[in-house]
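I have a structure I would like to understand better, so I am pasting it below and will then ask my questions one at a time.
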Amino acid sequence: MSSFGRIFRISTFGESHCPGVGVVVDGVPPRMLLSAADIQQQLDRRRPGGNKLGTERNEADQVQILSGIENGQTLGTPIGMLVNNKDQRPGDYGSMNQIPRPSHADYTYQQKYGIHASSGGGRSSARETIGRVAAGAIAEKFLLEKYGIEIIAWVSSVGDFDTDSVDMEIITRDDVDANEIRCPDAQAAEKMTSEIVAAREAKDSVGGVVSCVCRNLPAGLGEPVFDRLEAKLAHAMMSLPATKGFEIGSGFSGARMRGSVHNDPFIKKGDTLGTTTNNSGGVQGGISNGESVYFRVAFKPPATIGQAQQTVDYAGNSTTLEAKGRHDPCVVPRAIPIVETMTALVLADLVMLQKIRE
Amino acid sequence: MSSFGRIFRISTFGESHCPGVGVVVDGVPPRMLLSAADIQQQLDRRRPGGNKLGTERNEADQVQILSGIENGQTLGTPIGMLVNNKDQRPGDYGSMNQIPRPSHADYTYQQKYGIHASSGGGRSSARETIGRVAAGAIAEKFLLEKYGIEIIAWVSSVGDFDTDSVDMEIITRDDVDANEIRCPDAQAAEKMTSEIVAAREAKDSVGGVVSCVCRNLPAGLGEPVFDRLEAKLAHAMMSLPATKGFEIGSGFSGARMRGSVHNDPFIKKGDTLGTTTNNSGGVQGGISNGESVYFRVAFKPPATIGQAQQTVDYAGNSTTLEAKGRHDPCVVPRAIPIVETMTALVLADLVMLQKIRE
Amino acid sequence: MSSFGRIFRISTFGESHCPGVGVVVDGVPPRMLLSAADIQQQLDRRRPGGNKLGTERNEADQVQILSGIENGQTLGTPIGMLVNNKDQRPGDYGSMNQIPRPSHADYTYQQKYGIHASSGGGRSSARETIGRVAAGAIAEKFLLEKYGIEIIAWVSSVGDFDTDSVDMEIITRDDVDANEIRCPDAQAAEKMTSEIVAAREAKDSVGGVVSCVCRNLPAGLGEPVFDRLEAKLAHAMMSLPATKGFEIGSGFSGARMRGSVHNDPFIKKGDTLGTTTNNSGGVQGGISNGESVYFRVAFKPPATIGQAQQTVDYAGNSTTLEAKGRHDPCVVPRAIPIVETMTALVLADLVMLQKIRE
Amino acid sequence: MSSFGRIFRISTFGESHCPGVGVVVDGVPPRMLLSAADIQQQLDRRRPGGNKLGTERNEADQVQILSGIENGQTLGTPIGMLVNNKDQRPGDYGSMNQIPRPSHADYTYQQKYGIHASSGGGRSSARETIGRVAAGAIAEKFLLEKYGIEIIAWVSSVGDFDTDSVDMEIITRDDVDANEIRCPDAQAAEKMTSEIVAAREAKDSVGGVVSCVCRNLPAGLGEPVFDRLEAKLAHAMMSLPATKGFEIGSGFSGARMRGSVHNDPFIKKGDTLGTTTNNSGGVQGGISNGESVYFRVAFKPPATIGQAQQTVDYAGNSTTLEAKGRHDPCVVPRAIPIVETMTALVLADLVMLQKIRE
């Protein structure tokens, strides 16, 4: 339910307007250097900036480490982390209580629980991901320091504007963060930005795709048969708000190929084997093969839009809904650290599971 | 690892050439009428037929129920099921032991475990899915009898040949099984069949896409935040051999849309609410909304092909590999009951979790 | 690791001297009235009082609810709770860092993690149980309101002083709290109190036994075969600091009996069956039978004593250890709400699991 | 439910009179030499012999390994094992179907599931433990070969007859198996045997206690806070049929002690620390300290006795019940390998969890 992972295991809590959101991270290795700053940097990347693309809500999102660390070192015990919600009042959302927002979670939460948070999306809000990102920052640090594993996500499409010129073997986070859209292809980024601005001016929203690569992954990660690496990644990505699709390696285009083209022949690479192509996306039989793992995640356009929408209220009466306040017209730039975080959580868990066999 | 589900929980065992493959199903409701015939019918749909599309191995795959049933009724205790492997000898595979098959799991299993089954794919073999299908048949029966839930999968593309004329609100399994390719669009089916035959004649293989719909699902299924309905479905599908992608509702095409188009406005439907469109794929905020849930799964072309492939052996020496024997040139027709099975396993588990709140 | 329960599931965090201790409670039913006061009352019972029996540390232990509640009602989402640690400084414990305290967790944590909290027992400290008690208070409220289930623990022995005159079918928490020792047999309580005072005056500590009864439990709780009711209770109790034994019903004395004496014959009780005796302790085959469940938990004497102890430091050098500061000479009076809490957590989980079958 | 363990994880299936009982063992390390004979030897120790103490049912209990092994080596994949039930007919039990046997699981299973196996105890039968013992034999082999860990259980009391002269640091399984009662103290064994024979002649049954020691356990095993070593052991033991109590180290007698007596002072032992006494039972703060772990398990007298018992049928009508056929008058001699098995399952899991931290 609100926990994820088997050994490196997180449990998140918090709605959009309750006192705070946070996470308990279990299974963090002991004697790891860790400070709030290590966590804050990913939270800051996740935070809605004051830029022209995102929402303008001011959320400082300062993390507080509650436990599990002493003198800058992890103890091996659970790390509790908390981010206070600055604005705990319902604010602009009050009028929406009689009308379930189309394609939002209001109606389904009400059907599931017989109650739903009066405002702001409650648990389905993007604020829930704060706990994940805080936990993921620890996982990332562990993976990088112990294994040299690098996880880098970027925006590969917004609306109909794509990039296909990103070299995933050399891309860095600095490249990604070079522009607000977080697409390291400057030309494509410009078009994407225009598309987002256009959507916002039309009081509308727009979808997009996030791509992600994991480099320096050792071979052998992934647990047959139900916890294959791609199954865990798919689970992780599709647990994020607004995701509609996941593909790894050749993905849906691989379904159109012949085997003779799709197969990745082996070659000798140093002391081990590698492959000449990587349609597999670094995974064979659910287990990493030592090549880079890469995948793509589809995000739908945000459901909350300023345009008038014809819909019905909970009682079934026809009505019109216009969302007030500022809303994010496109989630993919902010989704970058969240996709990285979920990737790190999956990999940290699988690395630890594989350690048992060493 | 080899278990799936929280309450309706299965644990599978078995490789391609060991004495048997099977499953233990825990959490089956008591006092349900159940016989081997209920299970055999899905196993038969999964079995490689003697038809021109599949492999020609003769696998009777008769299920034996070992426990959990008395006088034709479930006891509420675990149901053990076993299918004997008729041919336990390595057979045609022996020569492959020095050469990891490209895009197959030989190399990664060897890297993970330091050993791999000497033949036939071992645990990554499609035979592993027998245990899943046996378990899924129970889940399906439970869902249909208690909730009227129908799960129907079909082949929606093979190679470059698609169908877009299937009405998912009325399609039946009989429609699907009307032809060997299991595409209920006869014209598309013909082209798909030709493509598979062509691939086989070229000693090659070809990929495809399976679509699936779940009808009559109650609203409220899916567990925020990590076990959203779409996350569990994605996990389930991506745990199947040869899958490369998953999308629900609008999927990747939804990432190209504006919110004003993508949003599904509510309308009154009988005593409850429904939506006028269904880009959401029946899921909002990770929870079913009462509309049909539908999704698509991409399968890559099978890795084992008769064509000569340039590759290296485990020691890194260049070599050529030609798979002998008969191999399935396309998995999607046989994947139909397996996709249905994994869907049923996910839904049975979520239905039971939701029952706690009633 | 730091999570307990399958459906009603808690994850605790916090050491003795970190910023705070707390818990995330997942699986709480929605639409339940709940306030901080509901939780505080058990925390207050758990808190070391200023009385002559306990330690004199001043720990206010005010709980803060972080999430999962709106307008006094549960949302069905995780409830995060936090209790700040007032004194985060190592305090009196500093000198113990070179010497592992005999029969304490210093040495084993160091062996396990290669590091241990510099003071106060860290995660093995009784302060960790604050998160449990906060969660348990919710479980208790749920069990009482929905099923009328009552859970009452009391001190049944301290050192060599026992009581055997407690009527577990009518005892109340008020009876238990009537004296500081929490033994509802006033005469025995007096002797127990004297024993604790004597131990303290000798700079020593003393062990004891807590008994507990659960009344109004429906028949059918407990999951064969590994999660039998008594197995879950034993697990829960033996996860508490300082516990050395658990017995249910006839317990160890039952091992001395003949079956003809031990068996509990059935009789008609109202519309259902009951038993004339209750050596089973309300459980048969791991499942509740509708009679009261009762069990006993042995607590060893606290390891931290003021007397000089001959021991060695981490390097193996002989030394003498005298604990400074105030230490609890006997834990059983304060263990009462903790035993109740763990019982409630077990029962809430089993009640929910059984609900699936209704 | 029917699974136990986190990494080294078993799932058992089977009732007393269904086609077979068995287990799926997940998480077994790859490349371990393993044959059916390794498993059969513990199954044979568990099997009711034709001796004067046990029942006379002839159950060959030959294990069949279904999967996970090739050429005598484990593959790292799940090991399925099956033991056929020779006698699948209800046999002597038929008459008991209208009358719930006192202190047996008939009534509670009926209350829980609304149905119960028509004969022989179903899932609560001792036959369910066959799957556990088969799995435990693998765990034991792993622990012994990799860590030198020895697990030895023996009968320490039957009825009122105890032994206190067993030296747990040197005892062997051969010592234990030297007599049928499995008490390595020959004089006590004789008295225990007489007690069992007397009970049987009186058509009665008698309880007993099993003691168990684990030697050569490394320090550091056990997971704070909920999965402490003693909590997992207690859970495991109390999940066995007929158990009523568990105590570790000083146990209930420790609750009578002063801390100055109970504490185990540290001394230097070779390169590490040990303790001069072992009241802790090898566990401090839930984590093994390198000393021998020992514990005791109380078993009640078997519920099925030949004596006439006054009770009621399911409808509440008074009746008399006399069990026909041969029934085991005391379970403790046969419980020896079962206690060892559950211990091995707990330790194998904890050893693997600790490996993650190495």
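Labels A, B, C and D are assigned to the chains in the order they are written; within every chain, residues are numbered from 1.
Here is the rule we use: a residue touches a chain if its C-beta (ideal position, glycine included) is under 8 Å from a C-beta of that chain, and two chains touch if they have at least 3 such contacts.
Computed from a predicted model, the values in this text were never measured in an experiment.
Shared contacts of chain C and chain D, meaning chains that touch the two of them, come down to A, B. Among the other chains, D has the CA centre that is most remote from the centre of chain A.
Here the CA centre of chain B is 46 Å from the CA centre of chain C.
Each chain gets one centre point, the mean of its Cα atoms, and the points for chain A and chain C are 39 Å apart. Here the CA centre of chain A is 26 Å from the CA centre of chain B.
The residues of chain A that reach two or more other chains are 1-3, 12, 27, 30, 76-77, 112-114, 123, 224, 353, 357, listed in rising order. By the touch criterion stated above, chain B contacts chain C in their complex at residues 6-7, 27, 29-30, 76-77, 224, 352-353, 355-358.
By the touch rule above, chain D contacts chain C in their complex via residues 1-4, 12, 100, 102-105, 107-109, 111-114, 121, 123-124, 128, 157, 159-160, 199, 202, 204-209, 219-228, 230-239, 241, 243-252, 254-260, 262-268, 273, 275, 279-281, 283-290, 296, 298-305, 307, 309-312, 314, 316, 354, 357. Residues of chain B that touch chain D in their complex: 1-3, 9, 11-15, 18-22, 24, 26-27, 30-31, 64-71, 73, 75-80, 82, 112-118, 122-123.
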